[in-house]
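Before we start, here is the structure in question, set down as structure tokens.
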Amino acid sequence: MVRHQRLVAESLTMDTLLQQLINGLTLGAVYALVALGYTMVYGIIGLINFAHGEVVMIGTMVAFTVIVFLAGSGMSPLLILGIGLLVSVVVCMVLGWALERVAYRPLRHAPRLTPLITAIGMSIVLQNVAMIIWGRNYITFPPMINKQIYEVAGASFTNVQVAIVFLAALVMLGLIYLVHRTRIGMAMRATAQNPHVASLMGVDINRVIAMAFIIGSALGAVAGCMVGSYYEIAHYQMGFMLGLKAFTAAVLGGIGNLAGAMAGGLLLGLIEALGAGYIGDLTGNFLGSHYQDIFAFIVLIIVLMFRPSGLFGERTGDRA
Amino acid sequence: GKKEEPKAAAPAPAPAAAAPAPAPKPEIVVKIGHVAPLTGPIAHLGKDNENGARLAVDDANAKKIEIDGKVIKFELLGEDDQADPKTGTVVAQKLVDAKVAGVVGHLNSGTTIPASAIYNQSGLPQISPSATNPKYTQQGFNTAFRVMANDIQQGSVIGTYAAKDMGAKKFAIIDDRTAYGQGLADEVEKAAKAAGATVVAREFTNDKATDFKAILTKIKAKNPDVIFLGGMDAVGGPMLKQIKELGIKAKFTTGDGGCSPELIKLAGAASEGVICSQAGLPPEKLPNGQKFLEDFTKKYGQIQIYSPYSYDAVMVLVDAMKRANSVDPVKYLPEVGKTAYDGVTGKIEFDEKGDIKNGAITVFEIKDGKLTTLKSEGGTAAGK
Amino acid sequence: MSEKPLLLEAREVAKHFGGVKALHDVSLTIRRGEIYGLIGPNGAGKTTFFNCLTGLYKNESGYFIFDGVKLQADAPHKAAAVGIARTFQNIRLFGNMTAIENVMVGRHLRTHAGVFGAISRNPATRAEEGAIVRRAEELLHYVGIHERAHDYAKHLSYGDQRRLEIARALATEPKLLALDEPAAGMNGTETEALRVLVEGICRDGVTVLLIEHDVKLVMGLCGRVAVLDYGEKICEDVPAVVQKDSRVIEAYLGGSVA
Amino acid sequence: MNGHLKLLLIPGQRPWLGFLLLAAVLVAVPFVAALGGQAWVRIANFSILYIFLALGLNIVVGYAGLLDLGYVAFYAVGAYTYALLASPHFGIHLPFWVILPLGAGLACIFGVLLGAPTLKLRGDYLAIVTLGFGEIVRIFMNNLNAPINVTNGAQGITLIDPIRLGDFSFSQTSTLLGVSFSGPQKYYFLLVALALLVIVVNIRLQDSRIGRAWQAIREDEVAAKACGINTRNIKLLAFAMGASFGGIAGGVFSAMQGFVSPESFSLMESITILAMVVLGGMGHIPGVILGAVLLTGLPEALRYGIEPLQRGLFGRMIIDPESLRMLVFGLALVLVMRFRPAGLWPSSQRRRELAESADQP
Amino acid sequence: MLEVNGLRVSYGGIQAVRGITFHVNEGEMVALIGANGAGKSSTLRALSRLLDPAGGSVRYRGKELLALPPHRLVSEGIALVPEGRGVFPRMSSLENLRMGAYARNNKKEIESDLEQVLGHFPRLKERAQQLAGTLSGGEQQMLAIGRAMMSKPRLLLLDEPSMGLAPIMVQKIFEVICAVASEGMTILLVEQNAKLALEVSQRGYVMESGEITLTNESKALLTDPKVRASYLGE
């Protein structure tokens, strides 16, 4: 009993809490970046693009390949990273465009679940293509960046983490600007709500939908590069879990809502970190970190019970 | 005609094998089945196993082994069970249908166990190179064997090593909630406690995770002397890096799943000083070990983890056939139980359940990016 | 007229959407057997009143007394159960079901077969199913679209869809039938046919609450009319009086009465 | 074709001949399959098990229109119920005719429990929550080995009793009337019987008051409510019905495999079952059956076919057969949906809906 | 300005429009009336490329319209107020109006047009920030008309603009329609309120079961006994 209390006290110290918050924030930012891509596509055609996780994976793989290729070239590491990111963004944009063109566009008028199955099919295809190209083994990121470790109040974090959080915020703000303040953004929203009427207004809906896929995939590539440089590991199946988490995050925030995706991602990251970090002690080790994924889902369920369309849920605009 | 009547009818449906004396055929084909996941998250391990078995088959063929007066050409029938228990039984049946003489596999306990019932019914010897769940050999099947130490055997060695030899008093134990990680970690916990150490943290992750900072932070607060991971190298690699980033000082230990060159590749510099265990003896101590290493690397690249064991598993089957002077499962199965074979992983003998007898466990330390032998426990003759 | 017993009494019903006062303490009474009109400019709160009455929205204050009992209309199916049926301003049929199936769904409330009945197809279930079909056919006849019984609802023309909605509503055996702009999108001739139908429904003992912008129809059909404007009842009387009310003319009718 | 199957399966209709034919085919399958090896009998068995599961899910997704990505949870509940009550794990060995209904009942309760908080959710929100429930159940199965060992965690439960009637055990080969039946062949007949049951239930539910209510909810929930349908109860009913089928399927799976572990109940399994429903033709029983058979059979057929195919095309193996196998599988999903968006064998109604929505504003 | 020749529309197997031919002259207001299901909306949908007609040709200012992708129509000066309004439900009223001007570039002009439209419909000004999906039926109708006007069309296709509007609003809307018509906008008007439609238009066509059965000056149609019996409810 006494020992138990002492253990609780140990894990409740400020620096541990701070560390867990940092952990959660970074993880959350990663989820958020992937979730933004999900939401982008969902927002416009209401499709849960299950293949988005695979786009992220391809993004990571391409970046790794380019970076490994250039690693010996004597260029400055930052330049190499930049090129890696760029190539991966371009490849993913093309991939996103192709996905939309080949797999989803023909299904615009199909029953709701049809594109969902296509998405699952595409996800299997992409995984196996990646397996054929990059092999079954785990791939490591060449140590390009000098990981700087900073210590603040007993908690530590790296420059990569800072970059991830910063980038996620930047990307989200950029997207919100794009969607809510620009002409193409307005066209996207209009297309999402009523594509036929949108085309009456002069919106080329094919172009707009393709754009959403391309932007979403570019985001996927950025996310992939971030994930890659943070964890320094890649595998052809990495996209699935990541995609699932991001999808959860997107729904938590209110799928289709950009700020929601961001909030959902961060929240999910924090829940996981704090859940894994504290639930064990709080429940006298009755529940432990093995229930980490459950916390996320339970929070999700509770949130949705009270806000059926997520935290930032799209205002519905439905009425009888 | 009716098909399969296991056991009783076994002599008849092994035509490839039987076809007694008269025809002085120079060569007959004997199929050996191999099953592992070749797709899915641990496909890299599956392929590794298959490559090990393939190398063994090639080596055996090169020796032009003669059994019952005929030159035997071995053929490997590789199947993919996707690490899915259901698929595992289907491919097991497929191998039975194909009249293989024996099976090496499966890789995971989750598929090995349900499949073992099918092999058992057909009287086919099955040797798993990597399934370590103790239950596999506890089902009472006379057909089930493994050339790898089970979780209990290995867990107690590495746990005791950490507590005694490394002098760790406070343990943090993490497992990946797979059958393997969970089983091994539980055994380590037992061994550590038995050796008088305390477990200050018991944390969990999953085999697809890449972010361990939350549990590591928690562990850091408990200030353990050693962290044990029951899990695979793909989990261990990133985990080690994160341990470093968080400034945790504890020593890192793990079992065979993480005791691989792959871990060194994935963790880079962070893998320095890791202590880990493998079943069997270190290759350099074994006459054939080094050669296997070279041959394998030349042909298939780096070893992942279990290919030496699948190599041995094939060789054990071949050896039993030789001794029985028959490729008929009914005839040579009893000989498998009596195996005493010097493999690339050490001396292989089976106990009455089919587990490796007094299987050696070797403890390694990663030094200068290489697995360096610290100590071997158990193991008979060949090693010591 | 006033001897007829009360069927519905709305007391100070209020409903807000953010800053918008869609209904502001609206009270009105409807008597058994009458056709009661509810009119008012666009956005006055008429549909909102329907939605509160039928439990689709929850009113913030006020309440309804229906047939002597206070409505616990927190769920639409309960409102339907006590005998309030409605149609929708934007037609809401089950588009991919046939006309007769739509009406059969309306019978759900008054029938009972459950899972075990469905699976076992026992005589009671079969009898009930037969009765459902027969009643649905009758109702399609009644509203005059029986030839289209086996067409998908979404293939019916606008006017027929409106009729089908009425038939579906009648299938729930309502005491009060609430119609939200049934004549919208109908031309003069079709509206006339609708008038005959609604009169018939009323004659057969169902009280009707009617929202309509076709003034001629409202004035011709309704015994009494209430006028809403900006969520408030500004007038309630017989049509002849309402038509002359200056506030009504200003807010709703405008210069020329159609 | 569609009509045919219906005629065949609805008792009270005339064509006995067709009935007999179908029966003959059904009886012949395990023996014909056995010619290709017992593995094919096992594949046939899994196909039927998936028909069972897919038809159960069809009630939820196809009839009531509720997108459920966690269906595997009920399958798991059934499987574990059987495993725990008929294995050395607790040393309990109840007979199957006690456990299967128990498993169905338990799964049914789970269905209601899981369904209840999700009722207000629309479409994809429902999907993610059910997905979450599926994962929660799996995670619990995976972790309930401590503090009290209930499920034996990831190690799973071994030595589960086969289905046994007296001393007639389903797991062994035995000879009946001069014909020898292998274990899988016996399970085949059991599964067929169960599948026929679920087919009849499906058909009868579809054409009933309840079935209409489900369809109404699917079409327009608000209007359905206004028609007096208690949408909450009706939805829960769909969950409960679907779940109990999942529960039975789980029990049979347990018995057939003799081993269960949580990895059999992953999210991918739910997705596969959903894919069967959609790919076959949602809401249409023959379509769903076709979908289940195809998606179980295709990967296995590819296992046999991909290598010869590749050799035939290129003269040698260019790509690992197993990478290609899954690749082809994924492509097949995409292509089927591309060219048959309403599924391979949709009901005539759905095909029509689709044809129209294509040119509708 | 608009010449329609042998236009056909079918849904699945059902023929909704069976080869109709008509025209609209520059600056003219033409009414298209007919019973429910006659095919009026289908005609407008085909003209505005919301659906692909099964056959026929549509020439607009000398160009073949059917060859253009739908989103180019608006820059050609064609706007539609669709049946059922088709507002963007999750955009505010204001955003809906701005969407109307999507294809235009001159910001200043757009702003002044916006003021003008809001001036016509003060109700929309009150509801400017409300999501269009939650507007009342009549409010949505005003929004749809306002939105079409925001594109500054040369040819305005109106599908039952009076549906669901209070009498006072019907008056108002027809005043607006007449006003823009007098400024030179060409209008094709589909209306159930046949009397009103014929009163404000110059010419009219009567549609029955997918075919045009009658055409004349509107005034003449108003007095046509057949029209009176079938469409005016007399």
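A, B, C, D and E are the chain letters, set down in written order, and residue numbers restart from 1 in every chain.
Keep in mind that, in the parts below, a contact is a pair of C-beta atoms (placed from the backbone, for glycine too) under 8 Å apart; a residue touches a chain by one contact, two chains touch by 3 or more.
These numbers were taken from a predicted model, which means no experiment stands behind them.
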Name, by label, each chain that touches both members of the pair chain D and chain E. A, C
Among all chains, whose Cα centre is located farthest from the one for chain D? E
Interface with more contacting C-beta pairs, comparing B-D to A-D: A-D
Measuring from the mean C-alpha position of chain C to the mean C-alpha position of chain D, what distance in angstrom results? 43
Counting only Cα atoms for the centres, state how far chain B is from chain E in Å. 75
Distance from chain C to chain A - Cα centre to Cα centre, in angstrom: 48
Would you mind pulling out the distance in Å between where the CA atoms of chain A average out and where those of chain B do? 36
Send over the residues of chain E in touch with two or more other chains. 11, 50, 82, 86, 134
Residues within chain A bordering two or more other chains: 128, 131, 196-197, 290, 293, 319-320
Hunt down the residues of chain C that sit against at least two other chains at once, touch-wise. 47, 56, 88, 92
Quick one: which bits of chain D touch chain B in the complex? Just the residue numbers, please. 34-39, 41-43, 46, 142-143, 145, 153-156, 158-159, 171-173, 180, 182-184, 253, 257-261, 263-264, 300, 303, 320, 322-323, 325-326
Residue set of chain B touching chain D in the complex reads 2-6, 38-39, 43, 79-80, 83-86, 89-91, 93-94, 96-98, 109-110, 113-114, 117, 121, 133, 135, 138-139, 177-179, 181-183, 204
For the complex, give me every residue of chain C touching chain E. 17, 20, 39-44, 47, 89-90, 155-160, 181, 184-192, 213, 215, 251-258
Which residues of chain C touch chain D once you look at their complex with the stated criterion? 54-56, 75-77, 79-81, 85-86, 88, 92-97, 101, 104-111, 113-115, 117-119, 121, 125, 128-129, 132, 152, 154, 168-169, 171-172
Can you tell me which positions in chain D touch chain A when the two form their complex? 61, 67, 117-118, 120-125, 127-129, 131-133, 135-136, 139-140, 142-143, 147, 222, 267, 271, 274-275, 278-279, 282, 319-320, 323-324, 326-327, 329-334, 337-338, 341-342, 350, 353-354, 357-358, 360-361
